[in-house]
Structures are given as structure tokens and as C-alpha cells.
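Pasting the structures in now, so scroll down.
Here come two complexes built around chain A, the first alongside chain B, the second alongside chain C.
For the complex of A and B:
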């Protein structure tokens, strides 16, 4: 049972983490990102589309699966460019843009999936079959008591996400670009004074957030249902926002928040199963991340600090 | 001064003049999106004009070629109005908060909890007289919605929690907790939704026979229109309304001007939540008789965009909510009449919203163009 809690918890927490990191990039640069839900859905749609057309054209079965993550990430980036154009070029309100991008994403992917299934595969369906992602175990480590679950039967995308975690952490905290990005969220005027184009940095940050959300969306599509369908819009994007606020807009605390959310979810399910409670019981454990975040905000609203210029449209003339 | 703008381009004068921009820019956005949607429909190999006609026919704005017994254009139209009622209330809820610079994206959650409480308190007491039950449903909706909205306002002024964040969290908490109660206590085992409420409590009269037609009558449609009109005058003509706009314009300046910003914030969220509550009861105890567990209605999110399309003006919102509802309602018929997948309707609304999100930018750009044009 403990094994199951760890396995399911990780396979939920890590895709959530990569989406939340996308959110952190965008929000630390000063762009409020409520569009994560739409970005992850569009990314997963692109990955699903790729699998529907090309999965049978590869000799090695695993190649298209990894490629689909790449395609999902590109798709997320392209769709994020639309969001960035709205917020940065057209100076639209960021919260409204986020909501509009989400609504459009649900509509667009729903329409395209149905139309493509109709035209190319001649079947009325709103799903793309994408198969399953390979899982693996590490031989000796998986037999360690208690902790063995971390090395047992995990999806290989979890490894990819951990690698991305290291890269994105380094990029945000240890490079010049990352410093500029964080400065754009706290004091864009000073970044401008240093001769750096604030809007360009923010645009890049939103694109990164799209790329990461796309990967996260595709991982959810693989781990939850083995197909792409509108059920991908189950609120993971908003849960990621809860996680990054819980993590105070920093990557490592957000990682912890995602693990808490993931394990609370899987533990709730397992305990419910063990005690033979009805499935309605899960509804109560599902509220846990949101209640926790809200309580944290109530009790620690002084220490919890959003980027200072978050949500503000950058205006050169303003000081 | 506007009258001195002499330019040869009447279109530019209309789009650039600040006086009529609140109406000309949304119409421009709608036309742009109709063109983009038409291109998409052409690409999938259908006739866009037929699709648009099907949309209007399905929503009862145009007459279909044939109808079943007791059915007619009027029955379709009444059903459209029935669906528009919650949309209008929800959009007004968003608009009044937006006017004060607050984003109430918790409308869906407020709708759900007020609909749920009204359902279990009044909806299942079948022996209550309709004269008593219907107003009580509305009152409970307003109170529960106002409390839920007020909670968000309270968290904001007391703990400085951003209303967008707390609304999202509360949306999910309401959704799952209510789903738990429905599934354990109020579920209909066949439909997997909450048990239908009694006709005595339902805010939509069903199957009313008028001149050979059996139609729906949404009782609260007129109320929604009246509230929109009252709200228009409240916002434009009263001290309270103008103070709210002042807060939305600049919080700090409003505070220096002696407005009690915290008190007004709470008060606006109470009103906004109350309106969302009305949207909830007209949706869950009106347009439909039951609640689907574990889902939020999309109305709460669409209303943000509807309010945007209506330039946050209560009278404009009457038209924008009608338009979005027509597109939504006409989709099913369009599919059978014009052979276009009904998902195109959601896509059309999405594109309209995309263009209206650019409204502020377009206003600025057209005004600049107009001024430059005049100098020449």
C-alpha cells in the first residue's frame, strides 16, 4: 500500500511540478499566468495529434513516445506566444487574457480533435489514442523497505522532469538570464535602466512557461488516461498555481508543495480503498491542496510574498 | 472637441472617437471574429453563411423550415432566454466587481453553492406552495452567494489575499465538498446527478401552453433585465456607484479622496456574490432541475468574457450575453442543418473573446490613428 502511495503520488506530483515551474517562470517575470490550464491542454493536444498520425511509423516503439513530449512542448510554446502577444504586445489585462486563453484552448482543441478524427480517421470521436508511457524499476534499490517505492515501477517521464527541474532551477537562479527575469518581476524599471528590454525578457519567460506546461500536460495525458481527450482540462493548471503560491514563487518549496499535493491525493485514495469507503470519499481528500493553500495564505500572508510587479503592464514612463 | 474631428474616413471616425468606442469596438471585435470563424468553416469545407444561419435558427432568432408539434420559433427563443438569464446575472456579478478593480473569477463556485443550498433547503420540499417557494429560492440564492462572495472580500481586506487566488481555491473546495454531499445523500442513481427539484421551486415554468405552443417561461429573465438597468443608473448616477468606479480607477487615489476602500471592497464583493447567487439559482433551479456533481458550470468563466465584451456596461452586457448565448444554444441545430461540428460554436465565442480582450489596445490605436489623420 505504501508502495502504491509513493508510485501514484510521484506520477501525479512531477507533471504538476513541471507545470508549476512554468508558472513560476512567467510570474517571476511579472506576468500573472492563469493560462497554465490552456497551455497544458494545447500542448497535450499537439502531442496527441502527433501520436495519432505518426506513432505507427516508427520501428522502435518508444521513440514516438519521447518525441511526443517534444512536440507537446513546442505546441505549448506556440500557444504561449499567443498569450504573450495578448499580454505584452496588446497590453491586455493579464487575468482576462489568461481566462480567454483557457476558454479558447478548450474550444480549439475540442473542435480540432473532432474535425481531424472525422476527416482523417473517419470516426466521430473526441479522443486521440496515445498508448502508454514506458515504466521501469531500478533493480536493487526498489527492494529497500519503505523508500523502495521511489525506485519502483515509475514512468520514465518522471526522470525527464527531474532533469528539467535541475536545468530550470539552474537557469532561474544561477544565470544572468534568470537574474534579469526575476528582476523584471520585482523592479522592471531598474532592468530597463540597465539597458535590457523588459518586454523581451517577459516574452521569453512566457514561452518557457508554455514549453514546460506542454510537457506537463502530455505527461498527465499519458499517466491518467492513455488518450488525449477534453478530460485533460481537469484543473491541473489551477492546482499548479496553488502549488506555486504555496511554494512562495520559489522552485524548491514548490517541489515540496507538489509532493505534498501528490501524496495527499494518493494516500487519500489508498486509505479510502483500504477502509472500503465509497468513491465519494475521495472528493473530500481532493479539497486538501486547496484548503492547505488557503490556510497557508491566511496564517502566513506576511511571509508569503508575490513578485512586486506581478500583473502590472510594463510602462516605460512610470516610476 | 470631438465634433471638430474632420476626417474623410468615416470608419476611422467611428472607431477612433472616444464617444462611441464603448459600442463600436465590441462590434468591430465581433465582425473580426465572424470573419475568422468564416475562414475556419471554409477550411473544413462548409458554407459559413449556412452555418451562421443554422446558428440563428437553432437559437430561435430565425425560423426553421419545420417544427415538431407544439414547437415553434418562439419555443426555441424562450429556451435561449432561459439560458441567457443565469449568464446575464453572472456577467453583472463580474462587471460590478471589475468596476471596483476586483476580479471575481469565483462566480462559478458561488453559483454552485447557492444553487446547492437552495436545492436542499427549498427544492426538495415539494409540498410548499409555489408562491412561497420560488421567492424563497431566490432569497436563499442571494444570501448564500453574497456570503460566498463576501468571504473573498473579507480575505482580501483582512489578510490581503489576492481575490483571484482565493476564488480559485474556493471554487475547487465548493466543487468537491458539494460533490461529496450530492453523491452521498442527494444523488439520483440513474442520472448520476442530484435528484430533480420539485416544479413548485423551479424558477423556469416548463411546458406552458400559449397559443398552440408549449414553451418555457424563465420568470427571472425580466428581473435580470431590470437589475441590469438599475445597476446602470447605480454605477453612473449615484455616489456609491461613482465611489466604486473611483476605487477601480486608482485604489490609492480613492483612499486619499476619503473613500473607505476596505469597506467598499467588502460591499462590492457582497453584491457581486449576491448576483452570482441569482445566477446559480436560475441555472441549477431554473434552466436545469439538478446539479451535476464534480463540475463547475462554464457560465462563471464565460461571464468574465461576456462582461468584457459588453465594456463592463450593464446595458452592453444585456446584448453581449444574448449574443454568446445564441451562439451556444444554436450550435446543436447548426450541426444538423449545416454539417459543421458543433464545437465550432465554442470556438466562435472564444475568438470573439480573444478580439475583445484586445479592446483596450484597439481603442488606443484607433484614437491615435484618428489624431494623426487629423493633423495631416
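For the complex of A and C:
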């Protein structure tokens, strides 16, 4: 049972993490990003569409699951460009833009999935079959008591996410671009005075947030249902926002928050199973991560500090 | 025109118009290499506009700028920086959660390679910043976060930013507006160090004694016109003041002997914590009588602001007692205090005194809107607001673009302050608290506010004045209490204590064992 909690917990926590890092990039640059849910959904839709087309034309044996992550990431980026255009170029309210992007994504991907299924694959369905993502175990390490679960039967995308974690950490904290990005979220005027284009930096940050959310969405599609369907919109984007807030808008603490959420969820699942609850009560144990969110919110919201210029539209003329 | 060659900057016939105002009208002046050149003028005289043109923030409608003898068109602050012009703005441009070094290098970050990847080299730059800071006596610690340092240090970070970018011409926009007297001395010394190193300095100010202390030459602007360029050493401050204001201005106030009546405010053994829970005021007691101005003198951060806030009800009292007209108000709400007769002119007028996005008429009625005749049967009477506001505007000479309907944010600092003073005085309270009432105002407005304060005293009001400016304390008070480290060191009648004695008490000298 402990083994299962770790395996399922990780396969939930890591996609959540990559979406939360996407959120961190956007918010540290000063753009409130409630659009994560829509971004991950649209990314997963693009990846799912790619897989559906690919498997209908080629043998199912060599489905390019890794390529689907890339496609999902590109899809997320393109959709994020729409969000960035709304709230950076047209200076629309960021909260409203984010909500609009989410609603639009749910409606648009649902509609397109049905239409494409009907017109290209001749089957009335709101799902794209995307196949399974390979899992693996590390010999020897997987047999360690308790901790063995971390090396047992994990998805390979979890490794990719850990690599991305290292890259995004380096980019945000160690490079010029990362420094400019963090400065934009604190005092955009000072960035402007230093001769850096605030809106450009923010636009890039939102694009990165779309790319990462797209990957996270695709991973969820693989780990939860092996297909793309509207069930992808289960609130992971909002949970990612909660995680990055507990993580104080910093990558490593957010990693910890995501692990807590992941394990809370898998533990809730296992507890439900062990108690042999009927499905209506099963839902109750599945609320564990959300109850945890509420509790953590009470304890952490005092000490947390959002980026100072978060949500502030940058206007050169105004001082 | 023969001397044009020793000018590093020359403005020729600069004109800049904004809708409804001529900010600069045909201004021609030259600034010499290596001098400290002051621009003197009241708020709205056009000093900042002229400097903004030099710094590339505005383009002039007419006229030319010559830099080192060559005609230049400066289109952006970046271009100004490339021409080695640097500016310390009144509002600092710093990233709060970055270190001092990170702020200084922002935009010009040095890089090193770690395993072939470019990494911003902050640690390696700390020493360079330290050296630069040491060279000019700036005294900053490069690894401190901006959010942990005070205003004066922040300003020095801004100076370092310019020096790091190798600026040769340094513009200071009202640099001392936010500083304590000690910090001002410190800054003026830095400015002299910079001059000794060959930098050219332009100082925008309306504080005469600073100009007198450091500047070589001084241009006086009034209503967008260049009035005169003076040699500072051979000109008296009185002459400068007269030229700046355009009329004979008396720098001293006419003030009769006070005739104190019954005590209005009694503070007994007041002890207060600051927002971090540290005890900042210990056991302070004093009384203020009707018809007298009692002032608290002291260096910033010694508890005087907290005392004023506690009397106004903005912070909680830890122990002790506050009474107004023999009635205890220690734990009364702010509204109860206002209604029992306390007026409060806060230090930060934009945050605590006004609602900047609302019209003047609303701001003037902020403390009485819920009473008749402003509100009748819970409905606000717009015409009453306007009538009341028009009346105060006339009475207190508040100037604004559209009268009662002007959005307060668009008004000048001096007129915003006049609006607060008008509102608070019109409440007809027995006690008026003035905290730093003339901060950031020009001479004309300063005189107006101080005169109002004395008029109110003569009408029998009790007045608490908290100020960091010794001049203000000396010229307005009837009795002076000097505060140091949260304790009142000494209380004396204004005519029985000298500047020097106050200065010593402010620094805690002559304080035995306490």
C-alpha cells in the first residue's frame, strides 16, 4: 500500500509541479496567471490530437509519446500567446483574461474533439486515444524498503520533469533573463529605467508558462486516463496555483508543496480502497488534497509574500 | 559666446508646453564641467521638466541641447545614460527583493561561465561595488536586501547605480526631501566628494540652505521662466528666496506670546510597541494646553510618529493613559476621537490623508460626510459637498485645475496639503496634531501652513507639532519636548532653550544613565 501511495503520488505530483513552475514564471514576472487550467488543457488537446492522427496513419507499435509532449508544449505556448496578448498588449485585466482563457479552452477543445472525431475518424466520441506512456523501474534501488517506491514503476515523463525542474531553476535564478523576470514582478519601473523592455520579458514569461503547462497537461492525460477527454479539466491548474502560493513563488518550496498534494491524493485513494467504501463515500476521501489546501492556506497565507507588482499592468507613463 | 567651450551642457532657448501650461519658456543656460549647479524654484516652476528634457524623458517643443559642445537630441533615458548622464529620481527605482549589488547591475549584468553555462556573477561584483562605495564615502553593504535598508541608504544605492554606469553628469531631483538632518549632511558630503572627483552635478532643490552649503552657481526659475543665474557665494539666502517667490518674502513668522489656558491633552506614562512588537515609546507623559503649540523634536525613528498615531487612535496603547478635556480616550475608536475633538494631519498625506482618485470635494468632506447636511436620510447631497468645498477652496486658497471636481492625484503636493489642513481645521477640534506638516512643500506653501497653525493657536486650540526639521520647531513652538530613544529627554519653553541644546538632547547627550 505504501508503495502504491508513493508511485501514484509521484505521478500526480510531478506533472502538477511542472504546471506550478509555469505559474511561477508568469507570476514572478508580474502577470497573475489563473489560466493554467486552460493552458494545460489546450496543450493536452494538441498532444492528444497529434497522437490520434499519428496512430491512425502508422502502426501503433512506435507511437512517439515523447514527441507528443513536445507538441503539447507548443500547443500550450500558442494558447498562452493569446493570454499574453490579452493582458500585456491590450492591457486587459489579468484575472478576467485568465478566467476567459479557461472557459474558452474547455469549450473549444470539447467542441473540436467531437468535430474532429466525427469528420476524420468517423466515430462520435469526445476522446482521443493516446496510448500508454512507458513506465520503468530501477533494479536494486526499487527493492529498498519504504523508499523503494520512488524508484519503482515510474513513468519516464517523471524523469523529463525532473530535468526540466533543473533547467527552469537555473534559468530563473542564475541567468540574466531570470533576473530581469524576477525584477519585473517586483518593480517594473526599475527594470524599465535599466533599459529593459518590461512587456517583452513578461510576454516571454507567459509563453514559458504555457509551454510548461502544456507538458504537465499531457502528462496528466497519460497518467490518469490514457486518453484526452474533458476530464482533463479536473482543477489541476488551480491546485498548481495553490501549490505555488504555499511555495511562496519559489521553485524548491513549490516542489515540496506539490509532493504533499500528490501524496495526500494517493493516500486518500488508498484509504478509500482499504476501507472498501462505496463510490459515493470514496469521493469523500478524495477530497483530502483539497481539505489540505484549505488548512495550509490558513497557516501559510500570513507569512507568504506575493511578488510586489503581481497583477499590475505596466504602463510606461504612470509613475 | 566666447565662453561656450567650458560648458559641458548648454540649453539654448528651450521651450516646453503642456496643455494649459508653459513649463519652460525660452530657457538658455550653461553648466560648467565639474561644478555643482543648483536649479532653484517653487513646485511647478519648471525645474523638473527641464531636467526631464535633459534626461530624455520629454522632448522640447523648441530649442537645442549642446553636450560637450555638440548638438544632441536625447530621446530616451537609455540614450542619456549612454551620454554619461545619470539621474537620482525623487521616487527610487529599486527592486525590493534584490540585493544592493543586484539592483546596481540590473541591465548590465556581468556574467561568468559555470560548466559552460552563462551565470550572472553577483558574488564577484560585490567587492567592486564595495570599493566604489568606499571611494565616495557612500557606506553601503552590497549584500543587503533593499527591503531591509532605509530611505537614505536606498538613495545611496541610486547614486551607486549612476557611478557603476560611469555617469559624468549627475542630476539629483530634490534629494533631501525624505532625509533627516544628519542624513542630509551625509548626502551633501557625498555630493562634494563626487565633485572633487571631477563629476558635474545638477541639484534640483527648493531648500536654500542646502544650495548655499554646496552649490557653486544657481539658476532661479519661476513659472517656467529663467529669472537669474547667481553666484551662490556672493548671494544671500534672502535674495534667493525673494527671486524664487517673486515678492518680498519674510522668512520669519509673526508670532505673539502664547496665552495657554486649561490643559486639553494629557498623556500619562504612555508606552507603545511598534508594528514588530518592539517597545518603542517608554513611559512618556506630557500636557498640551489650549492656545499653545507643543512640539516633539527628535531624529526620525525615536518614537514621535508612534505617539502621534496613538493619540489619533491609529495604533494601540500598550500601557498608559490619554485624556482629552479630562475625558479618557485611551481605547476610544478613531471615529470617537474625531467626534470628541481631535484633528490629525498625517505625515504621509497621500496614504493616510487623502483618497487620491476621488475629487477634492469628497476629500474635503471625508470626516463629516455622514452628518447633516452632507447626508440626509442616508443619501449624500452632492450640491452640499460642492458648496462646502467651494467655500473651503476660497478660504484656504487651494489651487487646482477644476476646482471642487478636481481629482486629488492631479494636484500639487502643496495644494494637497492645504486641502488636508483645510479639512482638519474646519472640524473645529480642540486638539490639532500636525505631523511633518511641511514636508516636501515649497517656501510659499510652508509659510502658509505654518501661519495657519499659529492662527489656530491664537483661536485657542491646542496643537501638537511633530517635526524632524529643527527650523520649523524653533519658529513655531511655544514649548518643546525633545524625544530620544522613546523617552522625552527635556521639555522647555521655546525661548528658554537654544538650537544647540535641542540638538544635543536629540542625540541623547546629557542623558544620565537612562
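By definition in this document, the second predicted complex is superposed on the first by the 285 of 319 C-alpha atoms of A that agree within 3 Å, B and C clash if a C-alpha of one lies under 4 Å from a C-alpha of the other, contacts with A are read in each partner's own complex, and residues count from 1 in each chain.
Simple rule for what comes next: a contact is a pair of C-beta atoms (placed from the backbone, for glycine too) under 8 Å apart; a residue touches a chain by one contact, two chains touch by 3 or more.
Computed from a predicted structure; not experimentally measured.
A.B. asks: Quick one: classify A:293 as touching chain B (first), chain C (second), both or neither.
C.D. replies: A:293: touches chain B, not chain C.
A.B. asks: On the A-aligned overlay, A:190 touches which partner chain: chain B = first, chain C = second, or both, or neither?
C.D. replies: Touch partner of A:190: chain C, not chain B.
A.B. asks: More residues of chain A are touched by which partner: chain B or chain C?
C.D. replies: B
A.B. asks: Output check: A:179 vs chain B and chain C. Expected answer is one of first, second, both, neither. What do you get?
C.D. replies: second
A.B. asks: In the superposed arrangement, which partner chain does A:134 touch: chain B (first), chain C (second), both, or neither?
C.D. replies: So A:134 meets neither chain B nor chain C here.
A.B. asks: Just to be sure I read the superposition right, which of the two partners does A:118 touch: chain B = first, chain C = second, or both, or neither?
C.D. replies: first
A.B. asks: Scan A:96 for contacts with chain B and chain C and give back first, second, both or neither.
C.D. replies: first
A.B. asks: Note which residues of chain B are touching chain A in the complex, please.
C.D. replies: It comes out as residues 44, 103, 105, 155, 159-162, 164-166, 168-170, 172-173, 176-177, 179-180, 183-184, 293-294, 298, 301-302, 304-305, 308, 341, 343-344, 346-347, 349-351, 353-354, 357-361.
A.B. asks: Okay, in this complex, where on chain A does chain B touch?
C.D. replies: Chain A residues touching chain B: 32, 34, 86, 90-93, 95-97, 99-100, 102-104, 106-108, 110-111, 114-115, 118-119, 235, 238-239, 241-242, 245, 278-281, 283-284, 286-287, 290-291, 293-294, 297-298, 301, 306.
A.B. asks: Provide the residue numbers of chain A that touch chain C in the complex, in ascending order.
C.D. replies: Chain A reaches chain C through residues 170, 174-176, 179-180, 182-183, 186-187, 189-191, 193-196, 308, 319.
A.B. asks: Can you check the complex and tell me which residues of chain C touch chain A?
C.D. replies: Against chain A, the touching part of chain C is residues 77-78, 81, 91, 93-98, 102-103, 106-109, 111, 114, 117-120.
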